[in-house]
C-alpha cells in the first residue's frame, strides 16, 4: 500500500477507515454504480472499484491478491442470474466463489470481510447499500493488514 | 556491503539493435564506485530491475570504455521489465563476475572473432577491446552471421568495421534472410568461416553463438588448423548468484559463474553435455 | 498377487505393454515398481501398503516415462478417479494405457505400516469407499476383500477446525503453514496437477508469491485447493509427500466436502461424468450472494 | 586440542538452557511436533525450557540448515520515489544462538557447507549466523535403516561441526558426558561452568557409541572414492533412467537435506514503489531450475536431474571442496513419497564402480596397452 | 519505464466541487512512470482533448489516463483523441472520478484520496496495456426481425427496401400485432387498419422478406455478423403451400364459441381459424387446445373425432398430424421488436412481483373492460361492428367512466413507471365514444395528464373542450355492480369531495408491460433487460436502439412503453443501423478477445467448458516430424465476446483476455 494516499489514519487515535476493493462486472454493477452517481446517492468513500468485463473474469485469486496488498475487505459483484451480458459468466462465478469462500473461511479468513452481491444496472440504491454495509462491517472488524504482513520474518 | 547488493546504474543510452534486441548503456550512479570499477573482457554481471529480479548477461562493452553495456533479447520477466526502461531510469548491477578472455596472452597474435546472432555481444566486447588497443594485436578478422538482415545486431558498428582497414569483417545472413540491397555474404557461419579461411598460425579464435552454430564451426576451425586450446568461447548457463553458491550453473564439476564463462574448446569438450 | 503377476507377465511377453507400473517391496515399505520384463513380475506385490497413487505416472508431465513405451498401471478404485480425471481432461487417451484394476480392501496411511488394518492406521479415504472395485479398467484382478475399518479421524479434525473462530483457524493454519518451504512436493505428486507450467511458476505476472513465507504458502494452498475443486481424487499423496508434515488433506477434504454438499458431486471412476466446476445450474444455491 | 571432558545431568541441561536464555541467547533444540500423527515427529525449534527437548527423539523433519540458510530471507529491500531508487539491507546482526542436541549428521553439514559459502566470496548471512551460533551436538543412537553416516566418513557421534558433544551415559539418555571441542565450546562452558560437573561419569558412553556405530555401519557399506571416480568417468549411463523412473522430481529430498544448498533469488514487490529481494531455497530436482529463458533446458529429464543431485554430492563437491556433500542422515529416503532410496542408489553405484574397476584391472592385466 | 500522462477533469464543477483535481494531478505526478499530470476544466472539450494530443506529442507518452466521468460515457472520445495523436487507442484508459466519486461523496478529503487511488490503479494498469488492432470478421448481410407488429414490419420493410434480405419471425398466426386491433389512432384519429394493412401486405409480398409466422426463436448461436438462429415453426395443422385462404374450413368447424383473442374475448372464433379477416398470411391455424380431432388424437381415441374441416377443404391442406419443424437462418444482425402486453388487472399475473387490482372488479363486475376491449368495441371490424355497446347486455352505455393509471405509476402493484400512452388513448376513447354516442357522458379519472408530443396536448384539450369529456383528478377506490349500473366510489383530489358515480361501463387504462417470456428470449440473445423485462438499450441517449450484444438491436415497446410514432421511428433507426453495418464487406471488432499461450497450454480444456460462446477450439501442435505433440486450446476471435471466463477457468493461466490481462489487473491491485 502506498502511504501517501492511504485512507487510513496517519496517526493513532483516529477512527479506522477500512480500505475495500470491489471487483465488479462492467455491464451490471459498474453501470449500477454509475447510476448511483447520476442519482447522487451518497455512500461511504472507502470502496475502490476495479472494473472487469464480467464476474466470470473475476478470479478468486484477485481477492487473495487484494488482501495481500492490504485490503481490509473485498466486494465481488455482478449481474443477477439470467442477466449476464455474456449469458453465463455469473453462473460460473457463482460456483467458483461458493467453493472459494468456504475454502477461505476454512483457512481462517473472516468471511465478513467479503461481500458477494448481484447489483444490476438499475440498482444504484442497492449498490450504495452494499458499499455502506460492507464498509460498516469491515470497520467493525478492524484492519486486515495482518494478512499483508504475513511475510514478515518472525 | 552485502555480496548480493547491486550497484545502482543509470541508463544513459538505449539502442534498438533488432526488433526484439536492445542495448542499454549504463553508468554507475555512485562516483566512488565508478572510480574504482574495473572489469575484463569476457566477464559478466547480474543486472536487475527492482521488482522483477536479476538476470545474467555478459558485459558487451569494452573495458576500455567508461560505461557498461548489455545487449538483451526479451525472453522473460526481467528482460521484459528491462525493455520497459527508458533513458534516465535506474537499475541494479552486480559484478563483474567470472573469468576473462586471456587478452594479454593474445597480444601479438591474430584473432578471429566468430559470432552468430546475439552471440556477437560478448565477442564485441573483445573486438572493441582489441581495436582500442589495436597496435598490440596482429590481424583481426570478424565472421558474423545472423538469420536475416533484420537480425544483425550492432549494425552501426558493423558498418564501421566494414570501413576500417585494420579489421576484416565477413558479414553473412542465412539463405532467405537477405534483402535486395544486402551486400554481404549469404550462407551459414561455418561456411563463411571456411571461405574466409583465416590463417591458424599464431592465431586465436573467439566464438560465440547458438549451440548449433558452434557445433558446426568447431570442426571448421579444426580443419583450418586452430588448436583447440586456442579456441575460446563463452557459455551462458542459467545463473542466479554469480558467486558460485546457488548451484544453478553447474556443468559437471564446473561452476560456470566462477570457472567460466570463458572456456577453451578443449575444456568444453571435457564437459558433460548439460549446457 | 499371483494373478497380478501372471497378467503382467502376459502383457509384457505379448508386447502389449513395455512396462507394468505396480508395487514392490522397497527399503521403506511398499513403493512404485517399474517392471519391464516378464521375469521381474515376481517383484509385484499388492497389499494394504499399496498406498501410492500410481495414476500420477500417467500424467503428461511424466514425458520421460511415456517415451519408454506404453504402460500398464495397477489401479485401485481410488486411483481410478485420477485416471478418469486425466481422461476427462484430455491428458491421456484411453488407448495409450492398459489399466489393471485391483479389488481393494483398504490401505494404510503410511506404506511402512504393518499389521491388520485398524481405525488408527487406515487411510482416511478408505472410509465409505464406494470404489473398492474400480470400473472402466481393462483387467480386474483379485478377490474383493472385506471392507476396511472406518475412521472419522479426518472428518472430526475438519469439524474441529470448523468449530474454531476465524482467528483460531487462522492461527491454526499459520502454525501449520509456517513450516511450508514451498518445495511444491504436494504438487509434483498430485496426479491432477497436469499443467505444463504451474501457475506458481508464472512470473509475469506473479500469481502466487514463490517465497516460503506464510503469505506465499497460504496463496499457494488456496490456489491448489481451488484448482482441485471438483477434480481432486482424494489420494492424499500431497499430505504424504509433504516433508514438513502439513495436514494438506484436511484442506482438500474440506473442499471435496463443499463440492459434494453444494453440487452433489464426488469424483468417480467414470471419465464421462463431468466435474461440477466449469458447469452450473440456474438454480445453484446463492445464499451467500446479496 | 584435546577435548576436555565434563558431565551434564538432566538438571544441568535444564539450568543451562535457562541460563543461556537469561544471557540473551536463543536456544534451538529438537522438539516433538504437536500433532496427531501416527508417528512422533520432531522439528528444531526455539525453546523456552529444556523440558521440551526431545533428546533421543526422532530426527527432526528439517535439518539444522534452516537456521543458517533459511527457506526464505531478505537480501535487500528497495524503495522508489519517482525515478530514484534507494536500497536497504538487513543489519547483519544475527541473534546469539545455541543449538542444544543437534544431531551429528546435521552439525557435520555446516563445515561442509562453509566451503561453498566461503570460496572467494564469503556469504555474509551464512557466516554471520555461523558465527553467532554455538552447536551442542548429541551422539545419536541411530534412527533406522536409512541412516548411513559411516558410509560417508562420519559417525553417530561425529565431532564435525560441533562445538560441544554430548554423549549419553545411560539408557535414560538424560545424563551426558560432555566433550568440549572448540574455543566457542570452551567459551560457553566457561560462561556456564556451574552447570557442568567434573570429573565425568562416563557410564555406558563408550558402549552406546560403539553400538550405534555398528548399527549405522550395517546399513550401508560403500567406497565413496570409487563412486566418485566412477561418476566422473561415466556421465552417461543407463542406470539413471531406471533409478529415476519413480522419482517425482518433487525435491522433498533437497528440502530436508542438511547439505543441499541451492537457492533462488527473486524480487517480491510490496505495492508499486517498494519491495524485497529474497533468497529462497531451490532444488536441482525442479525442471525449472536450469530452464533458460529461451526455452532450452540443459537437464530436461528427471534422470538427468537426479543424476545431478547424486553427482553434486558424491563427485562434484568432493572434487571442488574435498568434502562429500552428504552426511548420511537418511532424511531423503524417509521423506520420499515414491520410495527413492539414496543408500540403495549408492549401493548400485558402488557395485557399478567395483565391477568397472575389476574390468579395468582385467583389461590392464591383459596388457593390450 | 513507461511514460504515462494523467489528465484530471473538473467536469465544470461536477468533479471539482468535491474532488481537489489539482491535488489529484499533483499526487499522480509523483507516481513512478507518470511524466505528465495536469487538471483541466473540461477534458472532453476540444481544448481538453488537445491537451492530450499535445502531451502525447511533446512528452512521447506511452499511456494516457483520463480521470473524469464514467468510461461508459467518454472512453471512446478519449481513445479517439489518443489515436488522433498517433498513440494506439487502447493505451488510453479512464478513471471514473465523477459517477463513482465526486457525485457520491461529500467529504472533499476522502473523495480526493479516493480519486487519487483510482487514478493510481489505472496508471499502473495502463503500463501493462498493449497496443491492440481491431479484428476483422466476416459478415452475413441478412437480418432477422423478431416480432411482426408495427415495429417489426417497419424495420423489415426499411431493410428490405434498402436491399438486404430479411427474415421476419412472428409467433402469432398473423403479423400485425397490437396495432391491427386498434380502431383509430391518436392524435389524428385515422383508422389503424387502414394504415397498417397495406404495410402487412407489402411485407408479405416483398421479394426480400422471408415471413415466418406462427414461429418462435428456439436458439441463437454465433455472434455479430454471423448469427445462426434456429426457429421453431409451430404446427399450424394447415399446409401453407396448399391453403388458398378460402375459409371453408372455418365455416364447417363445430367449435364456434371460442373467445377470440383478437377481439379481446368479446367475440368468438372457431377452432380452426384466421385471427382476423385481414390476417397476413391469410391461412388458418388449428387451435390444438380446442380442436376436437386433435384432442381425440391426444387421448388416443380409436375413432377419429370430427375432421369436418379436412373434409371441407378442397385442397387437402388440413394436416392434423403436422408437427413443429425447425429452420436455421444465418443472419448478421437481429432486430428485437417483440412489443408489449397489457397489464392484467385482477386476473392472474404473468410477471413476478406484480399484483392486480381486486378492487376494480375486472372480470367479476360486468362492463368493466380494459382499453383494448374498448378498441375492439369501437372498431368497425370489431364484434359489434363499431357500435359502442356494452358487453353485458349489448346496450349502448350512456355514461362511461375511464380510469387512467391502472397499474402504472403504482409501485405497490409492482410498476413504478408511467406507461406513457394511456393519457393519449383515454382521450382518444372519450372522443370515439362521444362521436358515436352523442348523448353519452365520458368521465375520466386521472392523476396527471401527460401529453407531451406533437399535437398531443392539443388532442387531449380537444377531447375536453370540443368533445366534452369530463376530467376528474382523483382516484377511484372501488367498483361494484349496482343493479344494471357499475358504481364507482372515488375521490376528487381537487375539490376534496368524496364521489359516487353510477356508470354504464368502465374502461380501465391499463399499463403496458413487457411480453411474457421475454426473459427467455433475451437470454437466448444474450441481451440484458431491466427489472420489468424491458430490453435494455446500450445507452439511454446515445445508443437507444443498440443492445449490449453487438449485432442485436431493439425497436418498439419491448424496450419501454412506446406509441406508434415512437415505435416506427425506432424501427427505422434499427434498420438504418443494420444497413449501415451491412454497408461494409466485413466487420471490424473490438480486439478485446482472449488468446492462448501455446507453449504453456496443457490442453485440459477447462476454458472450453467455461466459454458461453463456444469460442474455444482444439488446435493440434505438431512436432518436427509432423506428429501431434499435444492438442491445445485456440480461441476463435470472431466468436469470442471477451467475457474472460476462460481465463479464470485456466489453471495455468495460459489464456489471457486482451485489455483485462492478469498483468493489468494485478498491476491495479498492486497499486492498492
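Per-chain residue numbering starts at 1, and chain names A, B, C, D and E are given in the order in which the chains are listed.
The definition used in the following text is that a residue touches a chain if its C-beta (ideal position, glycine included) is under 8 Å from a C-beta of that chain, and two chains touch if they have at least 3 such contacts.
Because the structure is a prediction, the values reported are computed rather than measured.
J.: Just grab the chain with the largest centre-to-centre distance to chain A, centres being mean Cα coordinates.
T.: Ranked by distance of C-alpha centres from chain A, the top chain is B.
J.: Can you name the chain whose C-alpha mean lies closest to the mean of all the C-alpha atoms?
T.: Chain nearest the centroid of all protein C-alpha atoms: A.
J.: Identify the chain pair joined by the greatest number of C-beta pairs in contact.
T.: So the chains sharing the most C-beta contacts are A-E.
J.: If every chain is reduced to the average of its C-alpha atoms, which one ends up farthest from chain E?
T.: Chain D.
J.: So how far apart, in whole Å, are chain D and chain E when each is placed at the average of its C-alpha atoms?
T.: 73
J.: In whole angstrom, what separates the CA-based centres of chain B and chain C?
T.: Spacing between the chain centres: roughly 49 Å.
J.: Determine the centre-to-centre distance between chain A and chain C, using the mean Cα coordinates as centres, and give it in whole Å.
T.: 35
J.: Quick one: report the Å distance separating chain B from chain D, using the average Cα coordinate of each chain.
T.: Once rounded, the distance between the two centres reads 39 Å.
J.: Taking each residue of chain A in turn, which ones touch at least two of the other chains?
T.: Answer for chain A, listing residues that touch two or more other chains: 1-2, 60, 69-70, 82, 88, 92, 96, 148, 151, 153.
J.: What are the residue numbers in chain D that touch two or more other chains?
T.: 72, 80, 83, 264, 266, 268-269, 271-273
J.: Residues of chain E that contact two or more other chains, please.
T.: As it turns out, chain E has residues touching two or more other chains at 1, 30, 120, 599, 610, 649, 662, 666-667, 670-672.
J.: Hey, which residues of chain E end up touching chain D in the complex?
T.: 1, 30-32, 120, 124, 599, 667, 670-672
J.: Could you pull out which chain D residues touch chain C in their complex?
T.: For chain D paired with chain C, touching residues are 33, 35-39, 41, 43, 61-62, 66, 71-72, 145-146, 241-242, 244-246, 248-252, 254-256, 264, 266, 268, 278, 280-281, 283, 286, 288, 301-303, 333-335, 337-339, 341, 343-344.
J.: Write out the stretch or stretches of chain D touching chain E in their complex.
T.: Of all residues in chain D, those touching chain E are 80-83, 269, 271-273, 295.
J.: Within their complex, state which residues of chain E touch chain A.
T.: 27, 30, 70-72, 96, 98-101, 103-107, 110-111, 113-114, 116-118, 120-121, 519, 523, 526, 528-531, 536, 548-549, 592, 610, 612-613, 641-645, 647-649, 657, 660, 662, 665-666, 668-672
J.: Which positions of chain D touch chain B when the two form their complex?
T.: Result: residues 75-76, 78, 80, 83-85, 87, 89, 92, 116-117, 119-124, 232, 235-236, 261-267, 269, 275, 277, 279, 282, 284, 289-294, 298-299, 304, 308, 311-312, 315-316, 319-320 of chain D touch chain B.
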